[in-house]
Amino acid sequence: MTRFASGSLPRYILQRVLLVLPMIWVILTLVFVVLRVAPGDPVSAALGDRLDDEALDQRREALGFNDPIVVQYWDYLVSVVRLDFGTTFSDNQDVLEVVRDNGGATLSLTLAAFVIALLVGIPLGLIAGRYRDTVPDVLIRLFGILSYAAPIFFVGYLLQAYVAGPLGLPTSGAAGVETVFYMERDGLNRTHILLIDVFLSGNSYYIEDVLKHLALPAVTLGLLICGVFIRLVRVNILQTMQSDYVEAAEARGIAPTKVTWRHAFRNALVPVITVIGLQFALLLGGAVLTETTFNWPGLGDKLVGYINERDYVAVQGIVTVFAVAVVVISVVVDIVNALIDPRVRY
Amino acid sequence: MAWPSTEPIVDIRDLSVHYGLRGGSLARLIGSDAGTVKAVDGINLTLRRGEVVGLVGESGSGKSTLGRALLGLAPATEGSIEFEGQDLADLSGRRLRALRRDIQMVFQDPSAALNPAMTVEEAVGDALRVHGMRSASERRTKVIDALERVGLSPVELFLEKYPRDLSGGQKQRVVLARAIITGPSVLVADEPISMLDMSVRAKILQLMLDLKQDLGLTYVYITHDLASAKFFCDRIAIMYLGRVVEIGPTEEIFANPRHPYTKALLRAIPDPDPGRQLPRDLPRGEVPDAASPPFGCAFHPRCNEATPICGWESRDLRALIEGHWTRRSAEEYAGERSIVGDLDHLDKPTTGATIGSAGSAETRVFLDRVRAEKPDEPIWGGIDAINDVGSGVRVQFREGVDPALRRAGEVQVACVLYPDEPTGVEAAESDRDRPPPPPEPVSAGINRRTVGLTVVGLIAALLPFVAFAGITREFVQNGVLTSYSRINVLGILGGVVAFGCGWALLTKGGGAERAPWWKAVGVVVALLGVLQFLHGSSLLVAVSPCQSERVDSTWCR
Amino acid sequence: MSIEMSNAMSLEMSREPVISARDVRVWYGTTRGAIRAVDGVSFDLAPGETLGLVGESGCGKSTLGRGLMGLLPKGAKRDGEVWFEGKDILSMRPKDSYRLRGSHLGMIFQEPLTRLNPLMRISDHFQESIKQHDPSLTKDEIKQRALDALRLMGIPPTRYRSYPHEFSGGMRQRLMIAMALVLKPSFVVADEPTTALDVLVEAQIVQILNDLRRNFNTSLLLITHNVGIVAEACDRVAVMYAGRIVEQGRVADVFENPQHPYTRELLRSTISLRTTGLNFIPGAPPDLVDPPDGCRFHPRCPEAMAVCATRNPVNIERPRGGRVECWLVGPEDEIPPGGKQRLKQEELTVADEA
Amino acid sequence: MRKVLRAMAKPFTDTTGTARWMLVAGIVITAIFVICAIFAPLLAPYGFAQASAEGVRFPKAGPPSGDHLFGTDRLFFDVFSRTIWGARTAIQVVLLSILICVVVGVPLGLVSGYYGGWFDRILLLVMDALFAFPSFLLAIVFSFLLTDILGGSVLAVALSLSAIYIPQYYRVVRNTTVSAKEATYVEAARAIGASDFVIMRRYLFQNVVQSVPVIGTLNAADAILTLAGLGFLGLGIQSTDAAEWGHDLNRALEDAGSGVWWTGLYPGLAIVLLVTGLTLVGEGLNETINPTLRVRRLLPVHMPAREER
């Protein structure tokens, strides 16, 4: 009846992209409320023990903390739009530069973990769902639950204690000291994302060094999401295997393997894609712990450092960046979803 | 017996119930409508005490909405419903709820109509509880009485049961018990038997007849099944797409159906009489989308007796051509398709349809071929002119007539085949007929969306300039692009928004009839958007990591 | 042989049946025990013939259709014989019977929307089916066949590349029919194909099913609860009650002159345009985990005799063709002495119903 | 009473296969930890911050022995006792936070889903934003703020955990409300004249909260992990205030290199076990409650040979 209801793919994408603005606005407002309004006076919290009252007041004035809240709110929004997150209290660095220098490491870690989780989780989930209530299903589910249940730092701890040694893998940092030094010296840090820079440099020693450093943290973080993927894929397979169109395909005599692949697996992965966006958020959260455990020079590690310093400006800036990243990822996921599932567009 | 009396108990005047359609996620966020569905569109109906009025129609006919509107469950957009002289629209929420003691409802799916977490006693008793009967023992007495009345005996077996322990027929009895326990005078029965098994339907129908007899009820019987309506109803209103198309005494409707839709329904009922022949002249197609109903008479695209003035339009042309193609071979189809091109744009209803992509002459030849195949199609009479435009033709249809309900013999019919018969028995009733509504308004060129798009587009295009006036000035004075390390994100986003608005104006602006000058506005807004985008991103391009020092302290605190 | 001739001959019932079911049983496992959904059913279906299978919900008619197709849930069992093209489907290896599906045995379902994969275009559905059973065809040939089938169902070729959700309810059911018929199976099961549709669309679909014989020479098992549809679209009818076919024969014969009391009561309780008074069958269908002894209808039967409660009725020839199982019809010689006495039945309360 | 018991046993009696075993295993594991939590003072040989007994100082980072089953750590604390006391902290925090979540999230979801409109839209947007945000980061930020205000107490951590889980309860309850309010029985309730409050309380509530136990247990598992994560970062409860597994693991990290394995292994295993137990319960419940996942226990079908006539 509603054949060409209201929309096409471009229209859907446009709508979805426009929806980003209010989403970001809401999230910025939340960040502002939580970090600027709630705590009261960040300056004295951070520097109260280092500066006298007059100096504190000067800092407050300079940062605009003496302005009315509404003005501060407007200033905050404007500064975010200009990608200006201010300067950290504790070490006087431009927050944007902190993000630039450390964001790359976080990005490479999460992406590597994500790839590992996908490569391991999705096939295992498919097998478990297809052969429900068999021995492989039980084992895979147990693996999934355990890999989710084991805290990142505990897995990291076990890996560091029992795996790193025998395999000769480093347990700390994103690269060896030489790699970092020579990359910097030779001006090879073009993108500020080490993983990309070493590949751009083409030097196999650097590449090996960086990949070795990446291995354990990425596996640790990947395992966390892997359990989630297994569960998700399995449940969706179970549901699509029961769906009417699968039975209808069987009734048409489509070969069982084709039914499984084309009807059950493919359809089961669609909702999975939607949830992947949310899993990325989980990854970013997990990255904080992974980075701390492995001394990975990423944003999460920095964030924890600044939190311990009570550096509100830095925390606010980093949190804002994370927030915007999450919103953007969710939009990308939605658009990908619309490309795959024709029903979404309408 | 005094009833059915002539005393009206419910009086529905010009009732319309419109729903806003949900749009996309953005529209949902803003709360704007993506269009309206006229579920009920200007209906007049009087219920007399003690009679059974049938509302019959297919899905989307608005029969259920009309039934729900009687209880105030569907808010009236226009018009009034008077129950015993009280207008439902005037009642406050509390008084309206109190009124529901007097008008009750029975639902189609008895399994869904009962709360799965309530026992039979709680479910039936809750009707009393919400109307303030606090004492549990008093309630129990009344519940037992009601359950006995609907035949659920021995009552003790049923009181503690949950709906899942009951059969379909038993559940429907519980629903009936809940409906009669407050002592209503009107019962709206929305397809009460259609979800039940064949052998139970007659039982429930019998029960409803008994209840009517015992309690003096007035029924509104909503159904798609003409057979049960024929048996059960005193009067029948045939509904189609939110309108009553024929209304009158049951015998007359069945003995002498007048509206083509009524005739079609009667022909289509499967009948267990083995001597009956399968009907050959069924209406084609399906109930159209209520969000944009056909022009003129809503039934004309499916009608076997349609006339040239029934409201022909572009979508009918598409159906005609596609129907033609189902009878062509693959090669013929491929050839003709290349002449006509894509037909999707015909889905936007208009009386001037442009088709053809391979030249006007070819398109005319094609149309002639279609016509030769089925020369009797009434749509041909509805075409005013076929003019050459560009590489195709523009088919201009006649303005259609939207027929109003008019008296025809003992019934009233809304069909151009039955023009007015002013001297009716109930002249007073026909006086209150709706005047024929004005033809579908050809849009004045401006609608809310167009204006909204323009405003939003202009703001999005200009705001970044205004908000950053200081920056742009600075930028000119310094004359050095690279002195700014900040990306003007607002500019980029504003540009995108403005471009989107402009594009939407360009393609969809100005309502149904696209005035060229809205296209101009669209172009301007879109261009502004592009400009804004370039402005925002030119700063982006100029960013160089080595020169990222901040030059300006006035806007970078 | 021309289609017209085969059509004429099918009405003669003289040809070899396409499908021939003998004493088929299909039982389900539940938490309470086995449900005897189909319990000893036999019927024949001639080429191009349509057999209507009617009965109340829960009488096992859908299960029978699925059992023939082999689409049964876990824990269900079936036995008996189903002869199709000289082979017994039920004793085949699963692999072989799977191969028959689609190409030889087709199925049309009740809710067409959920039966189509929402992520696949209509064209993909057709390609997949045709390719599976005829791998030698080229892409163009496949498209040709699919478009031909669609055209017969009145779906324009412009819609070939659309997605299922872009069609209306009636169109989707036409799609399902086209998809079942594009492989030209000789036997199709249609399970309540019109239940979810509007009155006028239902009539359109019934018409299409009625035309099947002419267009495809396909035998059809039409499962429905609507006796009206049977009267309009079927050659023969089988009335099912509590897992058994109690009466079958030519539609006109059975409906004009029902031999089994259940058939008669079912017809009488149906509300049609000619209804002048309401009739109904008292009581509810039995629990199929533990069905009553003897004739399963005897607790509700207005004419039950003593023998009905103790011995299974014998399946015998109806006076005017077809078969019926009821002691009222016979055979006289198998009724024990005193068996014809009227059975004293338990009182059925009004609310004891389905 | 029997009815209640039967209703509680329903998940067991109705299902079969792995779902049943998961449920049983999960409940047993969880029960053990709950017992540890309740009877920690009786079960643990020493206090959680006890460095000496009867005047005798415990060894520093001593290996497992008869006196100290799991050894002692660098602060001279008994690892076994801290592991048991840790269960108490974990369960306290999780129960408190679930309570807050349910009390806030369920009514909010019910009202927002039932009334819709602007209130619903704005709340949904805020909750979605919170939900989309990396929950662990959010927990960090909240505990960072709350510990400034409330100190590193159980309440502060429970509150910050609640803040990240409320959106989940809200969303689930809201979405089920939105679909449940379209159900005919709600329309029927309106048709008999029930007010909005009555509809929400008597008709919607029971049908909407059914999904809460599943989210509750799964969230409890996640909350344990988050709590431990916070402790690991030193943002949660301090080790002298209560025993907290995550914090202990953090301190154990530096031991890993020196061959002291017992300080890290046991708290880590405790976390893994408890989270596994809760997840098993949650997933088991899900497979019994969710009709699309449920496998009913079927009696096998035996077809008797045909009776000859």
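Note that the chains are named A, B, C and D in the order they appear, and that numbering of residues resets to 1 at the start of each chain.
Just so we're on the same page, a residue touches a chain if its C-beta (ideal position, glycine included) is under 8 Å from a C-beta of that chain, and two chains touch if they have at least 3 such contacts.
Here the structure is a predicted model, which means the values were calculated and not measured.
J.: Please indicate the chain closest to the centre of the assembly, with centres calculated from CA atoms only.
T.: It is chain B that sits nearest the middle.
J.: Based only on mean CA positions, could you tell me how far subunit A sits from subunit D in angstrom?
T.: Going by mean C-alpha positions, subunit A sits 24 Å from subunit D.
J.: Please report how many Å separate the Cα centroid of subunit B from that of subunit C, as a whole number.
T.: 36
J.: If you average the CA atoms of subunit A and of subunit C, how far apart do the two points sit, in angstrom?
T.: Roughly 55 Å, centre to centre.
J.: Calculate how many whole Å lie between the centre of subunit B and the centre of subunit D, each centre taken as the average of the chain's C-alpha atoms.
T.: 46
J.: Can you pull out the residues of subunit A that are in contact with at least two other chains?
T.: 1, 3-4, 22, in rising order.
J.: List, in ascending order, every residue of subunit B touching at least 2 other chains.
T.: 29, 286-287
J.: If a residue has to touch 2 or more other chains to count, which residues of subunit D qualify?
T.: As it turns out, subunit D has residues touching two or more other chains at 125.
J.: Specify the contact topology among the chains shown, as one of line, ring, star, complete or other.
T.: If you draw each chain as a dot and join those that touch, every dot ends up joined to every other.
J.: Per the contact definition, I'd like the list of subunit B residues that touch subunit A in the complex.
T.: 21, 23-27, 29, 34-35, 60, 286-289, 291, 344, 347, 486-490, 493, 496-497, 500, 555-557
J.: Going by the contact rule set out above, which residues of subunit B touch subunit D in the complex?
T.: 28-29, 31, 68, 71, 73, 93-94, 97-101, 104-105, 107-109, 112-118, 126-127, 130-131, 175, 178-179, 182
J.: Which stretch or stretches of subunit A touch subunit D in the complex?
T.: Touching subunit D: residues 22-23, 26-27, 30, 34-35, 38-39, 45, 133, 137-138, 141, 145-146, 148-154, 157-158, 160-161, 231, 235, 238-239, 242, 277-278, 281-286, 288-289, 292-293, 300, 303-304, 307-308, 310, 315, 319, 322-323, 326-327, 330 of subunit A.
J.: What residues of subunit A sit close enough to touch subunit B in their complex?
T.: 1-4, 6-7, 11-12, 14-19, 21-22, 62-64, 75, 79, 81-84, 86
J.: Which of the residues in subunit B come into contact with subunit C in the complex?
T.: Touch list, subunit B to subunit C: 58-59, 151-154, 158, 167-170, 173, 196-203, 205-206, 209, 224-228, 230-231, 254, 264-276, 278-280, 282-284, 286-287, 302, 322-323, 325-327, 330, 333, 337, 343.
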